[in-house]
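For reference, the structure I am asking about is given below.
As written, the chain order gives the labels A, B, C, D and E, with residue 1 at the start of each chain.
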């Protein structure tokens, strides 16, 4: 079992996307920072082992886990049915609504209004999946897929693209990078709780992580991290 | 610097260090595998030549990023637990051995047949012929193209970005992702690569000129 | 008289083309045999068979007491006793003359460096090149390179020396230098087989002259042979060759 | 008599080394002038000055009515009237003989393809190569290549032809072929300047022979010049050259 | 080995792979054509141009050949955007690859031009051809023919390098692989399939370039002398 392995080697390998602010990024001291990084640190401490962060990007989170290059994935890993077929998730420890954003002036209320437009999205993320699902019936939408969140953000911030599908947390970052581009949230596609990704049949580890998540939701530690990075609180029902 | 902190620049330079380590691994590994490969390709029996030829065709027909993926995930699927540095090193070795093998094969073949015969007629054993007569001559021809290929190794180690190895390219990408300063970050990265590669390629060019004059 | 080389109806083909069609002759200890004949008549091929650079397909060939046709000869061992010098010198360009000469004695026979170098200087003296020991081949004239190549073979102290048109890449002046060296070896009693186009030289230095034609020894005899050819073929060859 | 070429105290240097030190001679319409002289005496250089491959540093040089020394000559235009053939043929290896010949007429003069090809066949006939029109240069012997090169120049219908040792890369048999072609041109009345080492040929074909020595025209005269050299220099040259 | 291979994604996702492959092919062909033309033009400047022109070209070649393609692509992609020039990903990819391959082509063609004997140039100009005509009709055809094998190798390398363009959102073969992976999570198998597809592509490219040579270089075909 992975839990034993972790304890034996006295080190846990957690996959985090450090190119995805505010979940993971480099601060001005070039130290890894972000909500997932902090959560991972907390997990390692509570487990009483050393932490090794394995940097991943959206598309290769699952292969990293399956090929045992990581014990756990904490990389804004939304819980979806497709993913559940291949891996397990812990109880959710955060939630990410995914939205479509665009220039303030544009009127954009639903997928149908995207007709004839280019939309930037990070490849292989839930935003990608939801966007693809939502525009199936809409003609003339071009989805432009980038390799990681930061590239997507850069593309919008620098003016490569006008529209993006992403988590709302990135919108301020884009604005900050280029104030001239007045990007606003247009509509919410869906809200996804995200959890810790585990390999299937890792029962012992899963039950430990589930317990750990519950405890820290109750004692408010997760909410504290979340508030610091997202400027809002976790939904009430999660904190119970 | 505007928008990037000193530590972040330092982070990029640390990535440059890893690029050098990765390149050195790729070169050493490539040389260790490439030399026997070159000998098999130039002097081996029909079967050995066919097998090694197939290996070269295979590696030279697949993009390095895809080789990186296959090594990275393949090794762990095979049940070994290796850090990404090792996986990238193995991929670089596969890549550079195929190219170095071909370069060196050409150099060995450039030593004329009559040298083999002369050595043979002096009763030197096959290994001695190679060691004392052929390889020293081939090595002289090989220096310039080998140094030239080193540049390719350094540059192509940047493909390790696809498996998230913290080389110069991935480091600058992460810094860009955290700072949104693409122009600055990638110009800096390009300059560092240039500073590493340019001396090598002009050295290779000069050596080539000198060889041509002989 | 000992026989060093005995060709007995030796046949040799490349693919379908038969080059040697039953060559027979012998070389006794201390004898000098010259092979002459038109280009393509198989002289080089015959010479290369002697030290095993080519395998033969028919007949018998004995060299230094070894049955070459049997196919089980230790060639490395044979070549310690048989030296060969080519038209194109084939010196090792990355080594000095001295290193060229000491390489085989040291690595093959295990002679210690010092001793090998003394021996090398001795043979260099013999070919008149002792002052060029530290030079690289490219620093020497063609004639000097050829003499160095001869010295390299001599340093293995062979029982038999083979020479394949060793002067044909040289101009007349340099040719003279090299022929003098070979003449000296003949006087020292070295057994030699030489392929040459220098008729006058063959006549003066060889005990036996073999005229090869169409893959066999067409005529043979002492140096006088050239003066009184018995066959029209040799007559024609001598007429054009001299 | 029209003057096609007039050298008047022409000087030419490469860097510090003066090669032509005041060369003077004229070539009239329909004349054949042969330049002879020792290697390095400046014959090739003089020839190259005529069609502007080299610029001159002193004196006057008129070619087909143009003042070459003035430096404002339209070389493209001049070269439509002056053909040159080199020792090393310089055929274009990627084109057939016919394409080699039609290239310049079509691309420089704008002659339509069909017409250019007819003309090409005509000049090929003249040099005896019409059966080789579709061959590539590498498929031809040296003599054939040289004749093709002559045909290529002729197809531009020049007023003046220059030949620089066009036979010295050829063996005697092939040399004959080429010289016959040049003789034919002379009989047709073509104006020609030829650098040659074939004294007998120069004598028979040239109206004027210029002996160049130390950068000037040392002696000149009709073919008989070679029989009765006036200066010891020419005497020596003729003695060694014939 | 505790891993079960599963290639069932091929039956549902083959279309994406084919699309990716076609895009890779289009990207390669476009880049080969543009890169070759630009490379030849630069080689001409490099060998015939003014001293300033030559310096500029050799600076360009040095710069491109001593920095990695990925970095060039990032720099160009985001750099252009920062200058408010918007280019679609496909165009950006073509520009980056064209610049890259043109630098190598320049060096190859330059070496070819320099290997043509001076006599060819003299003979042509003595026939009254202008400099440009000499170059176009005599020098370049021979130079390209001589260097054709080197160009084939370079173009195959370039085709393989298109895979890195997935990083700037070009949906070529490797990107198709990413996309299928993020839906099926069969990473290793997918890259195996992709590796095979690239092998097929590089084989196709070699064959068709050799075929092209047979058409263009009439002499080689007629004399049956291989390149």
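Please note the rule applied: a residue touches a chain if its C-beta (ideal position, glycine included) is under 8 Å from a C-beta of that chain, and two chains touch if they have at least 3 such contacts.
Owing to the predicted nature of the structure, the values given are computational and were not obtained by experimental measurement.
Looking at chain B and chain C, no chain is in contact with each of them.
The chains in contact with chain A as well as with chain C are B. Each step here moves to a touching chain, and the least such steps from chain B to chain D number 2. More inter-chain C-beta contacts link the pair B-E than the other of B-E and A-B. When the CA atoms of chain C are superposed on those of chain D, the rotation angle is 175 degrees to the nearest 5. We define each chain's centre as the mean of its Cα atoms; on that basis chain B and chain E are separated by 21 Å. Computed centre separation for the pair chain A/chain E is 37 angstrom, with centres defined by C-alpha atoms.
Put simply, the C-alpha centre of chain D and that of chain E have 46 angstrom between them. Those residues of chain E in touch with two or more other chains are numbered 78, 82, 167, 187-188.
Counting partner chains per residue, chain C shows two or more touched chains at no residue at all.
Along chain B, residues 73, 77, 173, 176, 182 each make contact with two or more other chains. Chain pairs that touch, as defined above: A-B, A-E, B-C, B-E, D-E.
On the side of chain E, the complex with chain A involves touching residues 77-78, 81-82, 84, 86, 89, 166-169, 171, 175, 178-179, 181-183, 185, 187-188.
Chain B contributes residues 5, 7-8, 10-11, 72-73, 76-77, 81, 84, 163-164, 166, 170, 173-180, 182 to its touches with chain A in the complex. Against chain E, in their complex, chain D makes its touches with residues 51, 53, 75-77, 79-80, 82-84, 86, 88, 90-96, 103-104, 107-109, 136, 138-139, 149, 152-153, 156. Interface residues of chain E, counted against chain B in their complex, comprise 1-3, 62-63, 65-72, 74-75, 78-79, 82, 156, 160-164, 167, 174, 187-188, 191-192, 194-195, 198-199, 202-203. Those residues of chain E lying in contact with chain D across their complex are 117, 119-120, 122-130, 133, 137-138, 141-142, 145, 217, 219, 222-223.
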